[in-house]
Amino acid sequence: MLLFLDHGPVREIRLNRPPANALSLELIIALREAVESAPHNSSRALLLSGTPGRFSGGLDVPLLLSYDRPTIGKLWHEFYALLKALASSPIPIAAAITGHAPAGGTVLPLFCDTRIMADGDFKIGLNEVQVGLVLPPVILAALRRLVGPRQAERLAVGGILISPQQALAVGLVDALAPTSEVVDRAIHWCETLLALPAEAMSVTRREARKDLVACFGPYTEAELQGVAESWWSPETQSALHALTEKLGKKPASR
Amino acid sequence: MLLFLDHGPVREIRLNRPPANALSLELIIALREAVESAPHNSSRALLLSGTPGRFSGGLDVPLLLSYDRPTIGKLWHEFYALLKALASSPIPIAAAITGHAPAGGTVLPLFCDTRIMADGDFKIGLNEVQVGLVLPPVILAALRRLVGPRQAERLAVGGILISPQQALAVGLVDALAPTSEVVDRAIHWCETLLALPAEAMSVTRREARKDLVACFGPYTEAELQGVAESWWSPETQSALHALTEKLGKKPASR
Amino acid sequence: MLLFLDHGPVREIRLNRPPANALSLELIIALREAVESAPHNSSRALLLSGTPGRFSGGLDVPLLLSYDRPTIGKLWHEFYALLKALASSPIPIAAAITGHAPAGGTVLPLFCDTRIMADGDFKIGLNEVQVGLVLPPVILAALRRLVGPRQAERLAVGGILISPQQALAVGLVDALAPTSEVVDRAIHWCETLLALPAEAMSVTRREARKDLVACFGPYTEAELQGVAESWWSPETQSALHALTEKLGKKPASR
């Protein structure tokens, strides 16, 4: 599900779950463990990438529809833990958004240090509302941090998918590059940070991301239960099944 | 003073107090009641509009100069109540800014969900300071939420009026349209939101606007008294009378 | 070290410490006293300028390397006091950024009311990390207020120097002007504010800058000690000595 490629001190974690790099419970757990263990394996920066043309399709809805209540609870718990691991990573993480990145595919980069996106006919955005899901407050807070409250309200409430150029204009991504160069650009970004005086960079970075880590406040546990519970609302279930049929898939049997 | 036009589930509330749709105490109360009652009358979205070329000229200063101390106190109390009703409306509200929108004409849209402005030779902005009024803190907070602290400081302290294009550039409005199409565009915006899964949209919307509602905090009552009191400062009275003379009007006798 | 030029009610404080207007302890103290005393000397607005081509090179590192521990402690204490004096000035302060403005040369304008920069081949930015210094949290907070959390993280962690045009695009400065006109533009900005109803402008201004003053919270004293202490870390000392050698200077003997 994950490939690891070391470029000197920069470890690339490549999502590798065909066809769309959709997020399953197992992938979420593996990704968190990869993020948390990297600094102990002498990596000094991380790079999160996908397949050319497909960064990640977000949560694997057809699969998740086969999950029972405790497993959905565990999924959201692990997803929040992954986001918190990204936000509080002691080493920098660049997102190389190599292609389509709807929903969860947008969420992961929100918690990274920088976002470089493939400049092609791709979509990015938090379209959770479009598919019947409430956008979890922690994710909304991270979005607001990047694009400001006005754009966050517009994008989140409307569940709007946008182009890479539009994403650059509102600040949802930081730079564009040809698809074949996105990973190299992200490696270069990491190397530039690593060339700086290490202590000054790290301490300043921790302070600059303190507000992002603070999104995971004392109410996160209660919030998590609400998010997991809303999965089972009739409206959400109906929208998710409609989406799955549109994708031409049956809910996975488990 | 108000016209109501129902476009399916979208209720348009049109300001209709010639010549400039200036805000009197009665209009402010009527507008709040219209906003608060709409969800109970099966409206699912609201649209606040004005006359082509004139959205609203803001507070009716010549009339207000005839108000006594208790009435000015009541006016500000009701104005804050209107703004809070807009901010905390359970259904979306689009502002169709059909023309000139100085001062109070800018304030109302700040608390709506989206702002679509007529792309003509019109002015928008919080020019309160220009006419001798302190900009109330709740309004400054809502402005800061839309355009950020830097632009909010610049626009508010200078009391600057800007063009629709400039308003779009700084984020004071979200879109421009020909004057004759502003209302249609706002109806379309409402319909787009109403086509989304209703529960996911509403819950996400409430979360995305929580910071706006929070502008009305525990200190609002004390703030209100300060705002009402400042109306009677010699500088403010002198500036308001000068403005009224410039408008070629006598203060209304009551 | 400072020149004072009165343009009617607008007092220009011009940095005048050749060759680069670098900040020594004495200059920092003198500048704070000038800012604090101006309102008592009938000035109604302030203007902070430098030499054409050189606004300020920031802290005078070669000189500071000759300071002992208590003096470095005093330097940071006085620098914070200067920043707080700028933030909480009862009269408006325009920064006329007449040229190069790295590090401390960027910090001072962050706390002013507006920033007009010379549109030439100059650099501006918080490159503290590049030279081995942690960016103090108060400064990061003021940067975040101007450019938002995303750009603040990017600029501060990378220690990035940018052009005047780039600074305008991200909001680090508010306007550009030819070098020879920067001071006049800043005087004009002050005069425009002073032409407004004074009380309405001042009260609105105080409210609009309350969040900037609030950056100096109850933890500032502890923060200050950490900042002063980090000066003596081996990495910082090594980077500062390398910088000094690159500048072709010996650390000043005291």
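As written, the chain order gives the labels A, B and C, with residue 1 at the start of each chain.
The working rule: a residue touches a chain if its C-beta (ideal position, glycine included) is under 8 Å from a C-beta of that chain, and two chains touch if they have at least 3 such contacts.
Everything numeric here is computed off the predicted structure, so don't read it as measured data.
In the CA-based superposition of subunit A onto subunit B, the rotation angle is 120 degrees, rounded to steps of 5. Two copies of one sequence, subunit B and subunit C, touch each other mainly through non-matching residues, since under half of the numbers at the interface are common to both.
In terms of their C-alpha centroids, the spacing between subunit B and subunit C amounts to 37 Å.
Across the assembly, subunit A contributes 148 as residues in contact with two or more other chains.
Considering their complex, residues 128-135, 137, 140, 148-150, 152-154, 156-159, 230, 233, 235-236, 239 of subunit A touch subunit B. The residues of subunit B lying in touch with subunit A in their complex are 92, 113-114, 145-148, 171, 174, 192-193, 196-201, 203-205, 207-209, 211-212.
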